[in-house]
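Notes to accompany the following structure.
Lettered A, B, C and D in written order, each chain numbered from 1.
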Amino acid sequence: MSTQLSIAHDPAARHALWQRMRVPAFAFVALMLFLAAIVGLGALAPSRTASFIEIGLVACMILTVLLFSMEVRLETPLMRFFALIGFAWVGILFGMVLLDYLSR
Amino acid sequence: MNPNDHPIALWPASASASAVETDWLILAFTVLTLLLVVPIFIGVTIFAIRYRDGNKVNRQHSDRRDRMLELGWMLIPFTLTLFFFAWGARMFMDHKNPPANATRIEAIGKQWMWKFQHPGGEAEINDLHVPTGEPILINMISQDVIHSLYIPAMRIQVETLPGRYTQLWFQADRPGTFRIYCSEFCGTDHSAMDGLLTVMTPADYSDWLAHSGSSASMAEAGKSLFSAYGCTGCHRGTDTDRAPTLAGLYGRPVRLAGGGTVAADDSFLRDKIQNPGHNPIAGYPQVMPSFNGIIPEDELTRLVAYIRQPPTTRKLSALPTPLIEAPPSIVAPSSVLAQRSPLAEPSLP
Amino acid sequence: MSPLDITLRDPETPRSTLGRPPDYLHEAHTLRSWFFTTDHKRIALLYLATITAFFVVGAIAAGLVRLSLIVPNGQIFTSDTYNKLFTVHGVVMVWFFLIPSIPATFGNFLIPLMIGAKDLAFPRLNLLSWYVFIGGGLFTVADLVIGGVDTGWTFYAPLSTTFSNTYVVPALIGVIIVGFSSILTGLNFVVTIHTMRAPGMTWFRMPIFVWTHYAVSLIFLLGTPVITITLILLVMERSFGIGVFDPRLGGDPVLFEHLFWFYSHPAVYIMVLPGMGVISEIVPAFAQKRLFGYRFVAYASLALASITFFVWGHHMFVNGESNLAALVFSLLSFAVAVPSAVKVYNWTATMYKGSIRLQTPMLYAMGYIGLFVLGGLTGLFLATLSINEHTHGTYFVVAHFHYIMVGGTMLAFLGGLHFWWPKFTGKMYPEAWGRVSAIFIFIGFNVTFFPQFLLGYLGMPRRYHDYPPEFQLLNIVSSAGATILAAGYIFPMIYLIWSLWFGRQAPSNPWQAKGLEWTTTSPPPTHNFETPPTVDFAPYDYPLRTPADV
Amino acid sequence: MSDVTFPVGIDVHEQFANADQQRHAAQLGMWIWLVTELLLFAGLFMVALVLHIMHPGSVRAAVLHFKFWIGAANTAVLICSSFTMSGAIMLSRMGWQRWMVRCMLATAALGSLFLLLKGYEYYLDYAEHMMPFVGQPYALEGDPASRLFTNLYFVTTALHGAHLTTGVAILLWMAWQAHRPGFLQARQNRIEVYGLYWHFIDLIWIIVFPLLYVVGR
């Protein structure tokens, strides 16, 4: 059995936890705000322009999740590369298919 | 190759200026290819012999790299081939822009036959007769799966898609009999979906037309269908009370209810007859019934041919009031598309 | 310099075989030790046996297709049988032989050896991917052989969704399952190459074989999921009529082609790139000379793997794609010529002033170079828009991709099999038989497929069971060539198996080749190296013949 | 017993040289798997985009039938679950194994809530005749193109639901493993790697929700 440290009500440990939870909490709040904006736009002012703004907001949400929740900002360049390459390839797929559909 | 060719001909017959140019393109490209690959073949062979293990030859070399050499054999062949890209692209764009005066033939691909209809209404199965010296535009659609109308003597093919018109054109410059194929695999009798293209002198062609016994031109046939399916009930001449007018509609942009416009081309007209509720048009409530599965593909082609006519020749205002009182949705279909159920997966033995 | 370094630097130095632990083949003999192994080398042999079996199925179907085409009016089989036969050939060869062939066998066996690792990063995942592969493969092959499918390997909608009356759904499900095997293999390779390299094994000390497998793994990872979801949509369409590819509901069959070729064009490079890796090992070994332009060849592999994702539309020039898209796809397709040219010219330059031994693997490699060049350049013909308008859907296309896939992948596969056979099994194959079969395959292949270029330009459409009589002569020539080719395939199957029992014991490095895999015993011990290697030398460090040496 | 910390670490498998290499490999492996997941869903997003372009009107008709507010609530639920998952990861790094298990159970509960809401939404769709493939008459009969988008909605949400169900199952299994002391000492790595998966399923839904429910309204 490993050594067990009793830290039941150790204020220093709790403080360390809150320190660590600051970034996830920030991501949580940011995501909720973005979501509120998207839902608000979609519910109150649906239009073509609103659609483009919504897509922009989705991009912000994706970035937030990647950078802060999934901690890409702390990762090695290799992990960042693999976090990025999927989106780059989605870009190729979308770009080349839309090249056809938008010019038909 | 074609029925009367020599059995060991190594070059296909050609029957249009464009086909001859394609041949020149491929010949010139072959010459370039040989220039690029023959050195490799010779090099591999000579090196394999000369530098064979045990041969006493000078093998002195260093590890130094000539970057220019490597960049050179990367980029020079590429640049040379780009010339052929440009040549091929120019011809391709020519093939996509038919002359305005082209004679228009409607084609329908279905499992497993080709149906052609001349502007005067003469219909043919699998075989096609065309005159020399006149651009021929083939406007085609598939009734079921994807086919591809392939005329090797013209060095051209375009696929026929279900639900959408595609076009190809050519101008034959010598009489003869040439093969037509379907070149996109389309099921059991794919290889039986071929026929003969007979290119005739203009005189022979008009003679052939005169003896082929057509009762009505495409547009005339379309006009009677327009009445028979009850379209005249709403689309009356230039009257726009109940439905948008179709006079002069062809080729114009149409405003959609959802925003944006779409050009009223063949595919649009066909789509509107089949699925009126799809992408509703601005200004009119969607009340038209769907004719999906009710009007067969060849009748659709005739209807579109009728709507495509300029209003003066069509005299829409002189059309009679509805001939049929019954709502169009219960008009007995003359032939419903033979469709197999998507659920008809046979059970494994 | 310690003795260890000397053996690493110069693999010709014999190592003591006394008192060494049993190698991976002789460590255990139970069935359980094979079917539950996590040793990458044993899994590679499981794959080898499996894909050979699939190859035999596909080859028999090809033989029957060529048999049928001897006569023009299709009297030998009914059209349905013929259509099912070429579908068996296409589906089995593409999905169950060519795509896994080199990566799953040689890649699995050699990547850890070449980078000096004990195993792949996820050995259990590796075993799982074999089970997934054989599960999906047997499912589909059983469906194809017992029931039959007549859509061709391309499964174009709406033929496959609505109009075909054959057993399409099980075949699709099998192909979807096999896709996961590709993904897991690719994932394992990428992680292994990134994290498991021996100390000192930098990126530019890796053999080109590892580079090409890295590039292939990226294609597996970035392409396969798209074909998986596309085929899932196809299954849904056929089972529930969801309509995404059904024009009667406003769907678009051309969208299927886009999604299909987004994977299936890069899949060509899944087949070709590993072959290039094999050739890049064989040519320096049998010329005893460093690979010319190593860095260019390495970068060219990555360039091919990325450019290939931009060119899929060249399969659709006449399929209703927009003119602009056709122009762009055509231009980008020409760009593929650049990295391909790099490889071919660099292999040729490697032979220059080498010390060349024309043993079996080298014969295959030379054949590969010739056939790949022809296949690649006819690819440029097809990428030229107006030539494509004539040759699309004809035997010209068939000949072109067989030059790439048989002339390329198959010859590289056989070349690599002979090259590494001593390492895999510890036995030498009979050299004379090897050379005879290599020559048979080269001649048989050309007699089979060169006439098909002519047939295609003459206008014979592919997948035709009943063709016009004027094409008969060339078809007979082609079928005759297929007979020679078949003989060339049967020889190695016999003498390689024979060599397992009767072959001469192989030394650690029979070809005096460089590379970490030749520094270990033949066959290697279970954990690949008796002592973990440290690398401080360049790849392909064959001796330079500087003026001082001559 | 609940307020104790445990040493954190991993058992090294034999093919790896050290724990760092193994940790690195596992992390990279998961990222690569997520790349393939993204491209899997990208095929569906591509179809959705093409339908948006080809049939804007029909797509709008279908979108107006989808349960916008349930979709929005579900997005919020997943964002909350992402937060609890982050909590579990942070706690695992500090060695607070008991609290970590609680966070994992909270995450699994939120995931299940999502699935329940999704199930209810499917029920409402069924009741409104928005499930044409089950053979019932379809609410938008005159507009066949809208059926495509409706069907795509079911394929996409079902595929996402399958991923989430798998995720919840793995989470519960890991929580069960972690209820004994010593989990973090041998397998702390697993929770990190699993966390990436959970966040990514969340990210996929963040794309799915606007693409299917919001854009084109």
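Throughout what follows, a contact is a pair of C-beta atoms (placed from the backbone, for glycine too) under 8 Å apart; a residue touches a chain by one contact, two chains touch by 3 or more.
Keep in mind that what you see is a predicted model, and the values were worked out from it rather than measured.
Enquirer: Out of every possible chain pairing, which has the most C-beta contacts?
Expert: After counting contacts between each pair of chains, the winner is B-C.
Enquirer: In whole angstrom, how far does the Cα centroid of chain B sit from the Cα centroid of chain D?
Expert: The computed centroid separation for chain B versus chain D comes out at 45 Å.
Enquirer: Roughly how far is chain A from chain C, going centre to centre by Cα mean, in whole Å?
Expert: That pair's centroid distance is 39 Å.
Enquirer: Taking each chain's centre as the mean of its CA atoms, how far is chain A from chain B in angstrom?
Expert: Distance between chain centres, rounded to whole Å: 47 Å.
Enquirer: What is the distance, in whole Å, between the centres of chain C and chain D, each centre taken as the mean of its C-alpha atoms?
Expert: 36
Enquirer: Any chance you could list the residues of chain A touching two or more other chains?
Expert: Touching at least two other chains: 78, 85-86, 89, 93, 97, 101.
Enquirer: Where does chain D touch two or more other chains at once, residue-wise?
Expert: Where chain D meets two or more other chains at a single residue, that happens at 28, 32, 35-36, 38-39, 42-43, 46, 50, 54-55, 58, 144-145.
Enquirer: Multi-chain contacts in chain B: which residues touch at least two other chains?
Expert: Correct list: 259, 275, 278, 292.
Enquirer: Among the chains present, which pairs are found to touch?
Expert: So, checking each combination of chains, I get A-C, A-D, B-C, B-D, C-D as the touching pairs.
Enquirer: Could you list, by residue number, the parts of chain A that touch chain D in their complex?
Expert: Result: residues 1-9, 13, 16-17, 20-21, 23-25, 27-28, 31-32, 35, 38-39, 41-43, 46, 51, 54-55, 57-58, 61-62, 65-66, 69-70, 78-79, 82-83, 85-87, 89-90, 93-94, 97-98, 101-102 of chain A touch chain D.
Enquirer: Applying the document's contact rule, which stretches of chain B touch chain C when the two form their complex?
Expert: 1-3, 5, 7-12, 21-22, 25-26, 29, 33, 36-37, 40-41, 43-44, 47-48, 51-53, 58-63, 65, 70, 73-75, 77-78, 81-82, 84-85, 87-89, 91-93, 95-96, 111, 144-146, 148, 150, 152-153, 155-159, 161-164, 166, 179, 181-192, 194, 275, 278, 292-293, 339-340, 342-346, 348-349
Enquirer: Given the complex with chain D, which residues does chain B contribute to the contact?
Expert: 256-260, 275-280, 286, 290, 292
Enquirer: Sort out for me which residues of chain C touch chain A in the complex.
Expert: My answer: residues 194, 218, 222, 226, 254-255, 258-259, 262, 309-310, 312-313, 321-325, 328-329.
Enquirer: What does chain C use to touch chain B in their complex?
Expert: Against chain B, chain C makes touches at 74, 79-80, 83, 143, 146-147, 150-152, 156, 158-159, 161-170, 237-241, 247-248, 250, 253-254, 287-290, 293, 296, 317-320, 323, 326-327, 330-331, 334-335, 337-339, 341-342, 344-346, 348, 351-358, 366, 369-370, 373-374, 377, 380-381, 383-390, 392-394, 454, 457-473, 544-547, 550.
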